[in-house]
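Read through the structures below before going on.
The two complexes that follow have subunit A in common; it is paired with subunit B in the first and with subunit C in the second.
Moving on to the complex of A and B:
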């Protein structure tokens, strides 16, 4: 691993060459590690040779121009790509040393461990309560109604939504505001006690205040969960993440501590992107 | 001019008006820009040209006959006019006959009347043509004058379109109301002869009434309960088959099947709905009914050769595509984000379908089931052929039963006196059927709405 790290880290600063990742893409004690991941949709390849480690109880931000494969990469981590028939994934993806794409890995259980929050809030057309109770019920996490109650309440509390909705748990989830809906979706994800939470532009449909609340929430959740967040907002990446990975045209160009990436990017493309020269 | 040629002339002038006005407004080069596009002005000119003329033509053709009639009556000599109204009627009939057949009547009085009539008719036609022409040309002149560009043609055309659409929907509504009212009035006549109570709660149906009072024979009994029970029984059997099969098919097609399979399977299924019901009927009568009878007898049940079960099964197959095709559409309309959300929580596919997709699609599914139900209730042909005509009061699916629609058909086919209770009963049955399906729809709408309120 160390050896590889050195090889990939060899600096190649020319604009045209970004075949290998530069920066600190590998870690020692990673929660998730991916090696040489290639993803294609039919004939079209979306990810080339991605190798990236995701640290425990950290927030890692995936940034990059639209269409560069951030969502694709994210969806590999909990095998949501399985639902797209033409999507083929190769390479090694490990969650705590277990092969994510192994035959014996059950994608259903995997997704309970690696939860996901989507760009557009997508509460089910059920009550607020049932939205949160949905996961625990299908996974049999609660033995009694009282236990379900407890899970629902603690999840809503962790998602910072409980105070706002405690009087109307039976109101439909879709009756909440956009920001509340997104926190409901986070609560729903937390309720199945995942280890990792993937977030695909979780605040892009929200106003600045709702965004700030979500960002605060992400910072708190870091204590207990490993979080991977895709974002188009440089400020958001800088505020919430500890590490940042820059994607470009299906390749991971540069990875590093968020501070370092934003103050001292090594690759010209990273620099151009974060200074707004393109992308 | 004849009505058709007059009409063609109006249309021709309308086209001409459109063309001229279009040219003119396209070339318009005034101090300010026009507020509307050339085709708006052209359409407006055409409307001005055509509409008043058409209106006149319609009004004219409505009042012309009575005007001519008046002319004839006015030209009757006093000697004939003083006769009894019967005799006058006779004369007028002969006049009309002579006009219609073109023959020359022997009676000089009739001859003169025919001449008077033809003169009046010719006058009227000339007058009509002249007025139509004046209106058309007036419209064109107006459309080609300066006034046109003062009008906001775009707004005008929009208003006209809206009025036209309202008119069209009005036709549908008025027709519906008309049908309902006529059924209602005939039913009231029926209920004058047979009491409502006997009809609604009577358990015996044998509508044979004696035609003459001295005939021996049944006086007829009009208890509709066996018919409604029969309808209910057969529809229920059909729904028991169609709803689960249709729904499962829809789920498979929308959630599991590959795109290729879907594109083949869905049209194939829809062919089922396109098969004429007569074909289903003889399939039911010649294949299913004997089969059920044989199977029933081999296990020691007595099965009538025409049974509710046979008709119900075949009807169920017939309405499967109603349920499956519509449900498939509504299930596919559930946003992908719902599926993603559920799968990302670690739900399996079937859990997702059961707990998220179906509840979200339920209003639409209920709608498709209702459509299928109303189709089943209204179905006639299969029942005639496979379930029989015997109005048995039974819920045993192995016996012959009959339905409301079948009885309406049998009541009205053949030579009938139109005011006997027997024929009028058909209207009463129709009314009941109408009210029943209406109630069904109202209840279903209510259910769907409550469900929606809860979840959306």
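Moving on to the complex of A and C:
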């Protein structure tokens, strides 16, 4: 399974061997696979030659110091970068063998299949019910109001929020606590039944208890969804993910089973980062 | 000197600077406030007389011979006969019976001049509405006094226009309690008139209403659509930049230029009628559009990106994102801009002069195609009139315009609060 990236385009930097990713970055039967992805914002390149496979029904954690390109990489996976005019993406990104950046791939459909949860909870300024019902409604996933009701309830249940809000589904989503809002955003994403959920530091604005609830939730969701999570917390990565990818200055330095990465990192920079020597 | 002392030494200066700045601020606010109070006080004191009117009580005989009708009771009175009655003569007759001592031609003439010209029309309307009054008891009716009498009596101001003989008449009416000042409803229910005691602002008020309606119907949808397109969909290129610069410049073009444009385009080229609210509204739309576009764009721009991302992340299309999320969120700002634009349109005078909305129009407009004038133009017209009673009418109209503006601004605040609660 272990392969090496062939490309050696980049100038080698003083921080060590940057030319390629070490570890198990490629898989058989990946849900999403990316090859030689380069992303730049105008003149500034943010991702260099990223090749990474994302396994089915697994959680993969993307870690690395601030500004290393984790969010940028994540946002390539559902083409959220399209909204940034200066952002250019090259390389190959495949979702179940379909080219994500192909002309005939509709970003609207793609985002229905690859949902996203953001760092800061961003519920719509609408009722809790409407927040969750919005996705199914615009995609025409429910034929009747009863079906919408059902989707809303099951999504809220899966997100572990239903018990807390069942008496006030008409209250505005913004009236919830931060942790509840983030679970509402997760419920909203689940309601569209995506295949993949991208999470960009979903717990960074939350207290330890709300974080624990979200982490538990991620672990449960893994049964049915493929999850990519960006996190700054080593513990969180260790707790929720099966695989971990370490990013550094726009490159994927090392990828492997989470256990292996945290117990036996091969790259010096990975080791430095997870032991807290820098980053 | 250690750090603390250095800071302490500087502190005094800093506080002094703060105090000074606060003083300037307060002084600026105060002077603005004083000017405002002075203005309001001046206008209000001038306007008060316009809201009351002097009336004189007359006994009008209702027997057939006084009315100049056939005294044969078997002859029924038809509409034609009623229309033919000499109402002016009837008013004069009533006056003469009130003052039998006025026998000389000159005295009679002065006597007749006590009453407003509207008295005969009022009497006529009364009898046409209820022909059963004929043959009945004499009627006691409060008729409007002439505007000179009104000014003299109401304001206790002696003018050369009131002769000594008339002063006596008025004094005698007063001892009999046959003269009073009453609320001047006609100011709100009449159209313009050459006679100040009959002039009202209903025509201008409705003219303003129809004109603003057209302005709103045209500039709001066009403005919002343009703002959405420019902000959300337009490609970022030279042409877009050019359009943007031009819109910003249009906001600064003197409004009279728009009037000339309206005259050339709507009236001369498209052949629309002059003086109508439709054309006025279209011209005002041109003036308000830049305001609405600029403020709507600012409102749309200020919608947080996280909301956009939330919608797009769920698979909403660009269009759905704009109409389901961005626009509702931007609505308070858009509406505020629209109402500021409307308030601006309400006060515009110059461009409307160019398209002929300055004509003397007595009739109250019933729609956007009736000749009309608007409140600020009415102010302009009356301010120009020689009769002193028009000064009060001018001031009163300014007050009404200010009230109109206040209502519009209050509406803006209410709407904004409503939409803010919605989100």
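Details
Keep this in mind: the second predicted complex is superposed on the first by the 264 of 279 C-alpha atoms of A that agree within 3 Å, B and C clash if a C-alpha of one lies under 4 Å from a C-alpha of the other, contacts with A are read in each partner's own complex, and residues count from 1 in each chain.
As a working rule, contacts are C-beta pairs under 8 Å (C-beta built on N, C-alpha and C of every residue); 3 or more make two chains touch, one makes a residue touch a chain.
From a predicted model like this one, the values you see are computed outputs, not experimental measurements.
Per the definitions stated earlier, placing subunit B and subunit C onto a shared subunit A by superposition produces a clash between them.
Of the two partner chains placed around the shared chain by superposition, subunit B and subunit C are both touched by A:108. Legend: residue contacts after superposition of the two complexes on their common chain; A:57 is shown touching neither subunit B nor subunit C.
Of the stretches 133-141, 169-177 or 277-285 listed for subunit C, only 277-285 runs into subunit B once the two complexes are overlaid on chain A. The interface of subunit A with subunit B overlaps its interface with subunit C at residues 78, 80, 83, 85, 108-112, 115-116, 118, 120, 122-125, 134-135, 138-139, 185, 188-189, 192.
Interface residues of subunit A facing subunit C in the complex, by the touch rule stated above, are 78, 80, 83, 85, 108-112, 115-118, 120, 122-125, 134-135, 138-139, 185, 188-189, 192. Every residue of subunit C that touches subunit A in the complex is listed here, in rising order: 236, 304, 306-317, 320, 324-325, 328-329, 422-423. Of all residues in subunit B, those touching subunit A in their complex are 258, 335, 337-348, 351, 355-356, 359-360, 454-456. Chain contact summary for the complex, subunit A toward subunit B: residues 78, 80, 83, 85, 108-113, 115-116, 118, 120, 122-127, 134-135, 138-139, 172, 174, 185, 188-189, 192.
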